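Chain naming follows the written order as A, B, C and D, and within any one chain the residues start at number 1.
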Amino acid sequence: MNTFGNIYRLTSFGESHGAAVGGVVDGMPAGVPIDVDYIQRALDRRRPGQSALTTPRREADRVELLSGVMDGLSTGMPIGFLVRNENQRSRDYSELRDVYRPSHADFTYQQKYGLRDYRGGGRQSARETIARVVGGALASLVLRSHGIEIRAYTSQIGRASMEGGYRWYDEEAIESSVVRCPEPEKSREMEDEVKAALKDGDSVGGVVSCIIRGCPVGLGEPVFGKFHAALAAAEMSVNAVRGFEIGEGFRSSAMRGSAFNDPFVSDPDGRIHTATNHNGGVLGGITDGEDVTFRVAFKPVPTIRHEQDTVDLSGHSVRLSAHGRHDPCVVARAVPIVEAMAAMVTLDYLLLSRTVRP
Amino acid sequence: MNTFGNIYRLTSFGESHGAAVGGVVDGMPAGVPIDVDYIQRALDRRRPGQSALTTPRREADRVELLSGVMDGLSTGMPIGFLVRNENQRSRDYSELRDVYRPSHADFTYQQKYGLRDYRGGGRQSARETIARVVGGALASLVLRSHGIEIRAYTSQIGRASMEGGYRWYDEEAIESSVVRCPEPEKSREMEDEVKAALKDGDSVGGVVSCIIRGCPVGLGEPVFGKFHAALAAAEMSVNAVRGFEIGEGFRSSAMRGSAFNDPFVSDPDGRIHTATNHNGGVLGGITDGEDVTFRVAFKPVPTIRHEQDTVDLSGHSVRLSAHGRHDPCVVARAVPIVEAMAAMVTLDYLLLSRTVRP
Amino acid sequence: MNTFGNIYRLTSFGESHGAAVGGVVDGMPAGVPIDVDYIQRALDRRRPGQSALTTPRREADRVELLSGVMDGLSTGMPIGFLVRNENQRSRDYSELRDVYRPSHADFTYQQKYGLRDYRGGGRQSARETIARVVGGALASLVLRSHGIEIRAYTSQIGRASMEGGYRWYDEEAIESSVVRCPEPEKSREMEDEVKAALKDGDSVGGVVSCIIRGCPVGLGEPVFGKFHAALAAAEMSVNAVRGFEIGEGFRSSAMRGSAFNDPFVSDPDGRIHTATNHNGGVLGGITDGEDVTFRVAFKPVPTIRHEQDTVDLSGHSVRLSAHGRHDPCVVARAVPIVEAMAAMVTLDYLLLSRTVRP
Amino acid sequence: MNTFGNIYRLTSFGESHGAAVGGVVDGMPAGVPIDVDYIQRALDRRRPGQSALTTPRREADRVELLSGVMDGLSTGMPIGFLVRNENQRSRDYSELRDVYRPSHADFTYQQKYGLRDYRGGGRQSARETIARVVGGALASLVLRSHGIEIRAYTSQIGRASMEGGYRWYDEEAIESSVVRCPEPEKSREMEDEVKAALKDGDSVGGVVSCIIRGCPVGLGEPVFGKFHAALAAAEMSVNAVRGFEIGEGFRSSAMRGSAFNDPFVSDPDGRIHTATNHNGGVLGGITDGEDVTFRVAFKPVPTIRHEQDTVDLSGHSVRLSAHGRHDPCVVARAVPIVEAMAAMVTLDYLLLSRTVRP
């Protein structure tokens, strides 16, 4: 279950305190120029230590591509890659060995597997998302050649929330915000939410909004392979995600059909599209050519300095307060991960869509 | 992409106006008593024509099991099944052949496949969910023997919404409500929403809440196979679903970690559980033994009597008003479908969970 | 595990003495004219009762397509189908319930599942191959439009064996032989083998040779998805198959590279092909445009009138002699099944091959 | 298609002249002591340069496990691993860039992907099998704890062939032979075949026989997932393999049922087994508790010093003679690879077999 996708597939491996994290991208089309700098920049965007608001760790996180590329082109063979874990402090994790951190996977891993990697987050560490970002960056190299772009941004942190619906923002507007919120005033409100949580030794959740622009009509499969079902599985598999909605999402539950339905209209050039986009670019599970719009909800990260009640492996009550480095809010760093998952799903379904005609 | 699941798998087929809808359940454990009446009752719950609020069609929808059962027991072999489409009126669907109904899959199917079954909903018809319900009922027969129960109910229709969080209701409380809302006063408000929509020739959306009770600790896989990611894919694949959230879901985005985290505590008998359940019974993608709680958002059904703007296959503007029989709200009928998808995911992961020890 | 294929997929169900055998073909390309007579003729070829040499059962075996076809064209939706089991004699199978027939799956099913369908062959019955033949016939409808043809014939029965390598025979030459051996003299020798076995209350094995003609260069995937590995899995999954070889197969083990290697040459029109075809049309797991040639070995069918030693469920020794209707040799009837499996693999890989370019 | 298996899965990557070959083992059960020396010894067995008969390359081929192991135990998380390609000579491969080597995958890769890695064997290199051997060794660590052992040996090289059927040999008898033939006289004959081929600048094929001992009854799935079908796919996917047979295999085609069928008998202790084993330990696709016996045919390796006719990329005739280091016979080195594939299939089906009971 560490493989994701149908035709374009990512298999990932690695824990925070093992030798490396990495993966294998299978199904990469052949003949694509592989821009390693592009991949590295994508990785840099998810890297901690990017601002005063995030964890002060400094990790180089240089990706090494091990196969599948020759003379700068993909060969169609699997692309193995890894990022070494360079910053493994020799600190003592034994205090975590015997305690179940609230909202963490300690308890469930221990019960399921009979043992767990208690050093840092183990397989549950956010370092696992490195593989997702590499897989997404490689997919994006193909998508760009088809005119498909993906852009995500932070639309809520704690009680600070952007108004209105999905909007396509310039990359600079997003990246210039320390929380990746493209509206400066809202960005400041969100920063305040993060700072307040940091000050209180606490953490805070948020929402990432994402748009896939330029999708051709026809991605997605009827019934179980609906495009938005695959997107939901992809995004829900990211650490700390608790909700997914396409287009109007939960708001559609309160709506009437007459207000929700998107009327079809014709362009002057004869192209059919919809006048509104409450469906979020997907009809019957298949992309309709409009922007695919979706939102992803993140819970507050579980690790807080705040003292908490919990139990040890024997079930005895203990009090726990986290030490060390922790983001009070992962939402800004999650933005490139949300994009990466969307990129992999989109390429996978783009390739699949070629198999429906004789 | 008409197959769902890993070990316990449903492959479905059928359109609203073909000969039959049906499917194949593969991976059914051997030696399970197969209660055909139980399966039929599950089907009856999703059947239209149950009340004045739903479509007046009368379909017998008798399921026939074709294989995989001998002397009343499952044999471990695939269970083929079908339900004949008995109520195919010989009505003229040609008016739908040339027009794209707003919010329907007409346009995307036509573009993707070059043709589409324009008779009724085709493969997009809600009759497709018959296969899901049969697959879910067979799964439930196994889950019950493990003490696992699944219960869903309508928690919102239009502007009428239940307060508070998830709650386990008696089946009778749910089934005695025509909208499957177990709180009588809220049920009446929801009925009013449906009736108002019906009167206006309109439709209305809603939310189904669901609880999986009795899950052992350990269902779900790290990274891409998280239990709630699989649940999300399952539920998002149901017609008209637009959003999914686990536990607190989108509400967690506004929360602090100190409020969200679920403290571990020990029972007097030594069993470890959590004092609260904001995580919805899943930690790190693996069930923690608490109730698995989730909510599913449905958009208003696209077919309305209300006249709408759209285009025909040539892109010319036309006005469309639906005739015939249509539910103004599918949420009540969706309750057993939400349960069925949850049952299949749960059994699939229960079987998978046996493979992690040497 | 009752689903076969990646993109073009067959899910099958059914036992010899249940209500029906059937399946679901998923991934059928859209817009293909569906010639039901063609499918029925394919079924008729596998049907028992075709000659004095085969079992005298008469089964109509009419296939019913339940979905996925409209106005004579495939819609891209799954094609559910079934064939009713009309000839289930009400005979008493209780004598088989308590005994393990030698070379049958009775013992392994009983041990694995804790029970088994002891009526006739259960899921192990040759009737299961009905689904394969339907899946293969539908695939062939697509392959024919690409100029790909598949032809198999009996090349050995018992000690009677054709000389020389693979050869493309006219369909009439094959079908006019009661054992489906296209060389009349060899056909008579093979018939004698079957008659001798029949007379002795015994059975006899054989070999089917098969050619896939017109494959484009490029079907197959490196490493685990090699074209001949997929073919091998497909053919080895057929009842009674014990061996598979591609091209020269086992004979290549005794050969030198200088004799085995197929030199590349150019046609006058510039097309590159090979002067010989010891590799059987597959290089590195990928079709090279030459005929794909392979052979499939069948063991003698286990059910014989000859008295045999075996044990009952308690392990006590018993003597067993089969009554009723049994083919002494299934090889002739296996010819269309070998073709069907090849057709499904070929179409699956043809569709997959479209996904390797950006 | 670079992933193999259902529950226990190997994803592999790497070319002969890239940075590394490696893979990810997913589904490794948790809590298994990981003996890295055992894995390394398995790798050493497949390594070239082991004798005067094999290529004189010296490659350290040290495996590095990157994840999934803590304190010497598997954690249930994916095990990423790699072996660096240390011996990449900076030699000029440009002469291979423009020519299609006979019996190689040059032509098919170039046509399928539009480009190919022409340095050495690229993805077709035998170095790819490193990942298979690591995956097989990890599987064997689990199988040993269940009392399951796998042993393969060379039973034919060129015209030198062992007589009689399958036999279980001591590991020392096999490993003390330079061709891995456990019978000294036959070993000498086989060595002579290899030496003669070497002297002639030629290559020669062979057969590997393999036994899986200690399999419980019940591994394998009916219909498409038959145990021997999965084995066939596994072994046929190995470079240069051209044929697979289970038990008597192709010999069974000439046999009568009365001679072929394996009578069931009871042990004094009541255990049911078969008096003979012509079926090779598999009945109806499911292991019956007897030795699983199979044979794998290898063609002569394509690269020979002997001058050969071929064409260049433009289709012009050229003469080619290979330089450099080449095994005249890969069969001895293939023995551990045959075992590795069998180990992965066996563990995969062992884990799967736990899912058939409620």
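What we mean here is this: a contact is a pair of C-beta atoms (placed from the backbone, for glycine too) under 8 Å apart; a residue touches a chain by one contact, two chains touch by 3 or more.
None of the values given here were measured: they were computed from a predicted structure.
Undergrad: In contact with chain C and with chain D at once: which chains are those? Just list them.
TA: A chain counts here if it touches both chain C and chain D, which gives A, B.
Undergrad: Report the inter-chain centroid distance for chain B and chain D in whole angstrom, where each centroid is the mean of the CA atoms.
TA: A distance of 46 Å separates the two centres.
Undergrad: Roughly how far is chain A from chain D, going centre to centre by Cα mean, in whole Å?
TA: Distance between chain centres, rounded to whole Å: 39 Å.
Undergrad: Provide the C-alpha centroid distance between chain A and chain B, rounded to the nearest whole angstrom.
TA: Going by mean C-alpha positions, chain A sits 26 Å from chain B.
Undergrad: Which chain D residues sit where two or more other chains touch them?
TA: Only 1-3, 12, 27, 30-31, 76-77, 112-114, 123, 222, 352, 356-357 qualify.
Undergrad: Answer with line, ring, star, complete or other to describe the graph linking chains that touch.
TA: It is complete, because no pair of chains fails to touch.
Undergrad: Which residues of chain A touch chain D in their complex?
TA: Residues 1-3, 9, 11-15, 18-24, 26-27, 30-31, 64-70, 73, 75-80, 82, 112-117, 119, 122-123 of chain A touch chain D in their complex.
Undergrad: Could you please specify the touching residues of chain A with respect to chain B in the complex?
TA: Going by the criterion above, the answer is residues 1-4, 12, 100, 102-105, 107-109, 111-114, 123-124, 128, 156-159, 161, 197, 200, 202-207, 217-218, 220-226, 228-230, 232-234, 236-237, 242-250, 252-258, 260-266, 270-272, 274-275, 278-280, 283-288, 297-304, 306, 308-311, 315-317, 352-353, 356-357.
Undergrad: Looking at the complex, which residues from chain A come into contact with chain C?
TA: So the residues of chain A in touch with chain C come to 7, 27, 29-32, 76-77, 142, 145-146, 222, 351-352, 354-358.
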